[in-house]
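Let me give you the structure first, and then I'll get to my questions.
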């Protein structure tokens, strides 16, 4: 019979970018159980609907998370536009799609870098983030900010991108395609990386369905689930199908995100070739009343945006349910039975965004 | 024209007593749990359950009163619901029966109790005050009983002396 | 400039930040801005760090964490509050769970505003902090006796007594449980082969084996 110890993991830990606390019950280096404890980032920002009018609330909701910030802005705007029954111009939909896919590329490159840092491959982390800076430059040139750029508003977008600039963006993405392929090749083929990722933390398809996993975690276990299939934005006009893998281990999740990275580059190229001319916003009348549930495919998975208005300038309720919130049960399940040394890998492969979870 | 499944909003109001049955039916149909959201209204608390299948959403709304709200947990059907139910317990004060992984109100560990539902705090304070009054009344009654017992023993003593 | 400012190591903690400032802090170390060429390394161990970079505001739960990290850092040390949330609470100042900026808990030396603070601003803030670090080092007491006195003072600090509970039990209760398990382990390995049993009978109780 081995000795059991309880090891506290987090909230401050060299490998964790954000504070999450796990109590790991271990016996001889293998984890029997993991109890998550969150609450370090809970600010209670949903209650700010009482103090901020609905056109301004978008700035608060964008700051739920700095990495998937544009997606939160779009989700909020979509929810309130649904409440108002407003239909925004097609050019605004295309622009939102372009920014959202750029956001996905930068988020996946960021995640690849953190994963590499997590298993000690620091130079790979540096290369990923170096390539990511190109995307941040695009954000700064088109929207004005590097990580939080408030360019989405209820009724459309605040800034336009000229057609030459759009062609420049496609040219830049083509320029980094080759070095991104070399980088991702290391993740997929290198022997030492594969030994850390293959066969670790496998989640079967049935488990993933029972645990209601979302995003790349679900798609890596073979579940066909992607919010971009429901017809919002410019996605119905683009050639899009979700990236699915079947093994369900860390390697499969890594592969799904890498494939999505290149797929986003293709989607942006296609969107730029098809974008129509026209207005980028519409004038809105009245205040939102009634309820609307909107969904968005964030880089980490499916996010819900629920808004309820009562006809006044202040919304009655605004709720964001983020993908990491839905993936925590899956994390708890994959941690059972793994080795202590694999715990950082498993926590990182669900791509935790704890500030999203706790708002 | 592309099909806009995201604009379909299907929200039905159900009774709290039918909650488990409705949720089990929905699970048998192959729906996945989306989210659970509580909203404070003037009359009480509305809890919205969202389920999803093939990009179509199905929503159910349950209304409970806000002084001592209580609902049956759906963790027996959908285990991941414990995340949302623990959060609602911390923020709104809703007590869930048969919650699978219960953090006992210490999920978020916030400084202010049930910040979205001051009525729950008011009810708790009232109950605490009533309990204190009862204790005080009980102490007073005990004190009276002691007094009367003492007086009786004095009288007996005096009678004995006489 | 004293030696302590030549290659300062930083420790970074996310207090209740949205991650915007955190990824800009990490971006400072990556090839575009490359603070590592000055010898600045992001360490995970507070005992090795000179500069404490805090992002995000402070809420009820992370007060003790921020304090603990600060107390574990050796003198001289400085604190740089990165982003407007760490400075004053930012856009979340009025939220029910936000106590305010980091200076409600620990003393801050440099404030770097911004939402999210740009890497150039963060590096600028660190460089300004290095002057403060050099000044603190120059003012430190020279004799070793007063340093150990200061260490004793810190241990007596009542605020640092934090009761840690696992599964609803305190550390003492958990030790008792583990001790009970150890006793049963020792009893179960006492006779693992008949030759050991003979050796035990001859008087050498543990046969050279260590107690578990």
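A, B and C are the chain letters, set down in written order, and residue numbers restart from 1 in every chain.
Throughout what follows, a residue touches a chain if its C-beta (ideal position, glycine included) is under 8 Å from a C-beta of that chain, and two chains touch if they have at least 3 such contacts.
Bear in mind the structure is a predicted one, so any value in this text is a computation, not a measurement.
Chemist: Can you tell me, using the touch rule above, whether these chains form a line, ring, star, complete graph or other shape?
Modeler: Drawn as a graph, the chains make a fully connected set, so complete.
Chemist: So which chain ends up in the middle if you average the CA atoms?
Modeler: A
Chemist: Counting only Cα atoms for the centres, state how far chain A is from chain B in Å.
Modeler: Whole-Å distance between the two chain centres: 33.
Chemist: Taking the mean of the CA coordinates per chain, how far is chain B from chain C in Å?
Modeler: So the centroids are 38 Å from each other.
Chemist: As a quick test, compute the distance in whole Å between the mean CA positions of chain A and chain C.
Modeler: Here chain A and chain C have centroids separated by 29 Å.
Chemist: Where in chain B do residues touch two or more other chains at once?
Modeler: Only 108-110, 115 qualify.
Chemist: Can you tell me which residues of chain C touch two or more of the remaining chains?
Modeler: Residues 59, 61, 96-97 of chain C each touch two or more of the other chains.
Chemist: Specify, in ascending order, the residues of chain A that touch 2 or more different other chains.
Modeler: Each of 39, 42, 44, 47 in chain A touches at least two other chains.
Chemist: For the complex, give me every residue of chain C touching chain A.
Modeler: Interface residues on the chain C side: 13-24, 26-27, 30-32, 43-46, 56-57, 59, 61-62, 65, 69, 91-92, 94-98, 115-116, 118, 164, 166-167, 174, 178, 181-182, 185, 188, 212.
Chemist: Write out the stretch or stretches of chain A touching chain B in their complex.
Modeler: Residues of chain A touching chain B: 38-39, 42, 44, 47, 78, 82, 209-212, 225, 227, 229-232, 236-237, 291-295, 302, 304, 306, 308, 316-317, 319, 321, 325-326, 328-329, 358.
Chemist: Show which residues of chain A lie in contact with chain C when the two form their complex.
Modeler: 1, 3-6, 8, 11-15, 17-19, 23, 35, 39-45, 47-48, 51, 59-60, 63-67, 69, 110, 113, 125-127, 129-130, 133, 145-148, 353, 355
Chemist: Provide the residue numbers of chain B that touch chain A in the complex, in ascending order.
Modeler: By the definition above, chain B touches chain A via 2-7, 9, 11, 32-35, 37, 39-41, 48, 50, 52, 55, 57, 59, 78-80, 82-84, 107-110, 115-116.
Chemist: Which residues, counting only chain C, touch chain B once they are in their complex?
Modeler: 59-61, 96-97, 99
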